[in-house]
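Order of writing sets the chain letters: A, B, C, D, E and F. Residues in each chain are counted from 1.
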Amino acid sequence: MSGVVVQNIQRASLDVIDALARCGVATVHEAQGRTGLLASYMRPIYAGARIAGSAVTISAPPGDNWMVHVAIEQLKESDILLLAPTSPCEDGYFGDLLATSAQARGCRGLVIDAGVRDVRDLTEMKFPVWSKAVFAQGTVKNTIGSVNVPVVCAGAAVNPGDVIIADDDGVCVVPRLNAETVLAAAEAREAMEGEKRSQLAAGVLGLDMYKMRERLEKEGVKYV
Amino acid sequence: MSGVVVQNIQRASLDVIDALARCGVATVHEAQGRTGLLASYMRPIYAGARIAGSAVTISAPPGDNWMVHVAIEQLKESDILLLAPTSPCEDGYFGDLLATSAQARGCRGLVIDAGVRDVRDLTEMKFPVWSKAVFAQGTVKNTIGSVNVPVVCAGAAVNPGDVIIADDDGVCVVPRLNAETVLAAAEAREAMEGEKRSQLAAGVLGLDMYKMRERLEKEGVKYV
Amino acid sequence: MSGVVVQNIQRASLDVIDALARCGVATVHEAQGRTGLLASYMRPIYAGARIAGSAVTISAPPGDNWMVHVAIEQLKESDILLLAPTSPCEDGYFGDLLATSAQARGCRGLVIDAGVRDVRDLTEMKFPVWSKAVFAQGTVKNTIGSVNVPVVCAGAAVNPGDVIIADDDGVCVVPRLNAETVLAAAEAREAMEGEKRSQLAAGVLGLDMYKMRERLEKEGVKYV
Amino acid sequence: MSGVVVQNIQRASLDVIDALARCGVATVHEAQGRTGLLASYMRPIYAGARIAGSAVTISAPPGDNWMVHVAIEQLKESDILLLAPTSPCEDGYFGDLLATSAQARGCRGLVIDAGVRDVRDLTEMKFPVWSKAVFAQGTVKNTIGSVNVPVVCAGAAVNPGDVIIADDDGVCVVPRLNAETVLAAAEAREAMEGEKRSQLAAGVLGLDMYKMRERLEKEGVKYV
Amino acid sequence: MSGVVVQNIQRASLDVIDALARCGVATVHEAQGRTGLLASYMRPIYAGARIAGSAVTISAPPGDNWMVHVAIEQLKESDILLLAPTSPCEDGYFGDLLATSAQARGCRGLVIDAGVRDVRDLTEMKFPVWSKAVFAQGTVKNTIGSVNVPVVCAGAAVNPGDVIIADDDGVCVVPRLNAETVLAAAEAREAMEGEKRSQLAAGVLGLDMYKMRERLEKEGVKYV
Amino acid sequence: MSGVVVQNIQRASLDVIDALARCGVATVHEAQGRTGLLASYMRPIYAGARIAGSAVTISAPPGDNWMVHVAIEQLKESDILLLAPTSPCEDGYFGDLLATSAQARGCRGLVIDAGVRDVRDLTEMKFPVWSKAVFAQGTVKNTIGSVNVPVVCAGAAVNPGDVIIADDDGVCVVPRLNAETVLAAAEAREAMEGEKRSQLAAGVLGLDMYKMRERLEKEGVKYV
């Protein structure tokens, strides 16, 4: 089941990917029916990054980053590395050397359900990472895993080539084949939000804007 | 038990509230006998904010933010929204649209024993939030709760109208009727701290300043 | 077992200590055989600090910071305070007054497997702290502990006088007698990393640089 | 704020208390509008106990069980000790000696948002405990707290004299003045459940028994 | 994305399912290449149960068990209910009434990445449950979800009709189409284990039985 | 630093070890000054076991149980295996085959700051285990560690040959050279406890037995 490297994965179009990044995690997640979020413990190592890219997935044993090297060869411009350990682990699989190598191949960032280290260097390099932990603990290169196989990462099922969106709110995965549809829904949602924001800023209440008063009364809410 | 919205709550005087904000969480907490702190997992979404205000409380079901809309109507200038879910939840009940609405009514910030999202926008808006999680997970509007009822939020009992103080150290609640007394104690404490700080900066040891040596000896401490 | 203050501990040479700080936690940890890290929950209160110093250790009861005052007297220029509670605790043992006192004696920072408070002041003072929690909860001064005895802090065994290195990646302890050897290994490692970084930045793959292809094949990795 | 022992608290009638015990935690919690539960981490040290009693509350510092001795004097026949530490702690405040003393005064059990020890002895004595942890860690008797003051215990607000119900599902608190009303609702609920159980056992579906099909259709559920 | 109930799912043969149950979780997990385990926090409510069955999956909102009623109608003899909330939740979605209904339809047990209640009754009924929490917290029936759609439950991807195996070691999922192959591998593994167990019981060392000494030496292990 | 197997460790006398087991964890921990406890998350896989033995320590990489096989050869009659992973891990390093092998060499049990599996078999074999998790997740045999070196296990420093005591209250370590002294103190403590227990059972209050009333008054406790 391990020991497989899939070389030719399909990717969504870069235009769609970049447009999803602009929408951001919260909007994209809403636009695809409130699905696709990774767990809330996945936090960025620095604030302000907002990226999207195609997932090159890594299934790696706990405490062993051998497959990261294998995965880096599979990266294409604009991809995102996404690592799921085969059992819970917070070791620092990834640091500035691997980031240098990944960045040289056009990689936009790392999503890892484990630890990362050299975060000061990564911040200076502007290589964004969303991780479960920051931990200097080193890893070995003794046991194989797989690259570009389906994984569950921080509670979300991810297939290679799926679109990953990540920002200060966390990380969201959009299945590759849904990317265009989700983008359309996300952009529609954004358009509507502008109008709503103006009204709310002007003091209109959500209760009125969303016409909630009657339904609240029916549910039995009492003002005292 | 749910489905109640209390409309006319009493508040402490704004002068007292603002003065408590200046004292900060650690001092206020000490001044009221080391009570009133919310759990340490309540963290600010950005560093540097220090606010105080009157609590408009929300008791909401897990994953349902309907009552936030109801609560916003109850906000008065300088209030703070405080949400306690009826069971543990880290969903993102609150984002930039609700913040826009709350800010339009003079709300100073949010304290939520659950999740928040759109944190990049909230940071730009200077709308501070103390939360258990940052999580883009959306919520529904299907089940009612209550507004301005007593709640337990992150381990602290809060009544509507109580004074909430929040800064980088966390969040503290001061019962409304104690606000003036606690302020007096906090300011007295601050006055004393200035003097102590000078002495300590000059190299005087706490052991001497607090006259601890004799008591340590009596307790049996041995220097070897 | 408690109630002991050891006054004359030995320290590593300051040159070695400062050089270890420059290497940083991840490199030092690797250089001593991937040992010595404190748990990943030990996080800095602000980003960017990188320090090293000799450990003045504190074994303190939960919720009681009396021994911190005792420890401060034992500080020498360039030391680091390191506190381990005798049972799990996240109270705020330490704030700006104690930091003022410690800084006046040349202390470089605090490592505490518990809570810290006044973090805004500590940040302004440039007094770095690595802690398990930020928590305003106050402590008492009623029960004695010990200073400069061996402790286990966040999962790592620390002896007084051991070298503590701390940065954005976490905290590492180097036994005093190994400090020079570990430094040599760390610097050798750093030297090598520069060369590797250049190659990786130029697009050379880790697979080739580390000659991994043959071994991967032997382990049965299949490219599909 | 600490250092108070309230001696004459009021209690609900023992008939009501005992009847609430028979209903059990899940039913009582439903009967009072899904409120009053302590956090799910409060687990019994052995399976099968189901008790109710009036709360004698203890507010104690972390790692200090002095107030437990004070509280035991306040116990009356059929009471339950309930301890909330002033900050998170899992030390073993309570063991077989204290249980012997409490049992001698008619105490029915302990609810503690901290640790307990000697659990083998307590199990043999049939002295039930619901706790956050089992931990042999000892405590001191150096710092005072309070007895029979309002506390927040494991996320629930408890007043002295409130009725505590505890069984394998956890712990629930019923405000003393509501005890009779809640009991009536709980018993009504139980009566209804017998009928429902028979129907469900006979193969009637909840979908039909609760007439859910139409509402599901209206909400848009699609059978495919 | 929600609001779907798939009615005709395919199942593995009951012979294969029952044989997988006899092998147990640890063996089955090994037999399919160390994959398929749910997170270790999924614990049985009582010791000693060992079951297997076809998964009828439920995707439910936090704190809302409406879909459980819908799912029960889809149960066939020997199935297992498996519930994944759409965001983390530990509410008690399931108690003795639902268990009565499920058992009446031949359901063998429940796997739920959330809470369960009435555990004393469930234990008496011999209705086994593996859950994240025991929590009496009630739920509502206001928001729809889906039944028999793919879910991620406690970190494992599960499709409707997959085989679930659960015992004291936890829970494992075997994709339906792999069930026979995995069973063959599991039984082969079991056969071998009997022989190994006899040798080990007789005092033969694993070092010798697995011929590890030479490889250990090559890796540099030193006996001192 | 890894790759060492120390073959001839010293052990405490078996009489002392067995007498410490009879005292139990809580008493022994008190008798050595409230030190030596492992973290409270170390729980027994079944209730009622109470053992003591000499520690054969294992330092193992995450997810790799190769060194367990090496350690078993080092076991002598009455020893206890104690495993500390080099970074946090909850994989199931140990199951019924290893237990069979260890038991054949006289091993009394396992203490593991990680996971264990086959717990039903281990329970039937009466092979007690104290672990951080029960988890079927398998491990590999690719990376070496060490046997009989000092480790930190669940927060406690353990040297090979130290006495481990484990029962339903958790696990305690007694340094080998202190074993006799601690036993004397533990037995003295036990003797005293019998007398105290009789008095408390007869209704004497701890307040009187320990003469606490005056000191409470001095500390300012007020009865109201």
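Throughout what follows, a contact is a pair of C-beta atoms (placed from the backbone, for glycine too) under 8 Å apart; a residue touches a chain by one contact, two chains touch by 3 or more.
Given the structure is predicted, the values throughout are model-derived calculations rather than measurements.
Once the contact rule is applied, which chains count as partners of both subunit B and subunit D?
For subunit B paired with subunit D, the chains in contact with each are C, E, in label order.
Taking contact as defined at the start, I'd like the list of chains shared as neighbours by subunit C and subunit F.
Chains touching both subunit C and subunit F: A, D.
Does the subunit B and subunit C pair touch with the same residues on each side or with different residues, judged by whether over half of the numbers are shared?
different
Return the distance between the CA-based centres of subunit A and subunit D, expressed in whole Å.
Centre-to-centre distance between subunit A and subunit D: 42 Å.
Please tell me the distance, in whole Å, between the geometric centres of subunit A and subunit B computed from their C-alpha atoms.
Roughly 31 Å, centre to centre.
Listing for subunit A: what residues touch at least two other chains?
Counting only residues that touch two or more other chains, subunit A contributes 34, 37, 40, 86-88, 90, 135, 137.
If you go through all the chains, which pairs of them touch?
A-B, A-C, A-E, A-F, B-C, B-D, B-E, C-D, C-F, D-E, D-F, E-F
For a test of understanding, state which residues of subunit C touch subunit A in their complex under the given definition.
24-26, 29-30, 34, 37, 40, 43, 47-48, 50, 167-170, 172, 193, 196-197, 200-207, 210, 212, 216, 219-224
Using the touch definition up top, name the residues of subunit B that touch subunit E in the complex.
61-64, 86-91, 135, 137, 140, 142-143
Using the touch definition from the top, list the residues of subunit C that touch subunit B in their complex.
Spelled out, the residues of subunit C in touch with subunit B are 3-7, 46, 66, 69-70, 72-73, 90, 92, 95-98, 100-101, 103-105, 115, 117-120, 123, 133-138, 141, 144.
For the complex, give me every residue of subunit E touching subunit A.
Those residues of subunit E that touch subunit A are 1-2, 32-35, 37, 39-40, 86-88, 150, 152, 155-157.
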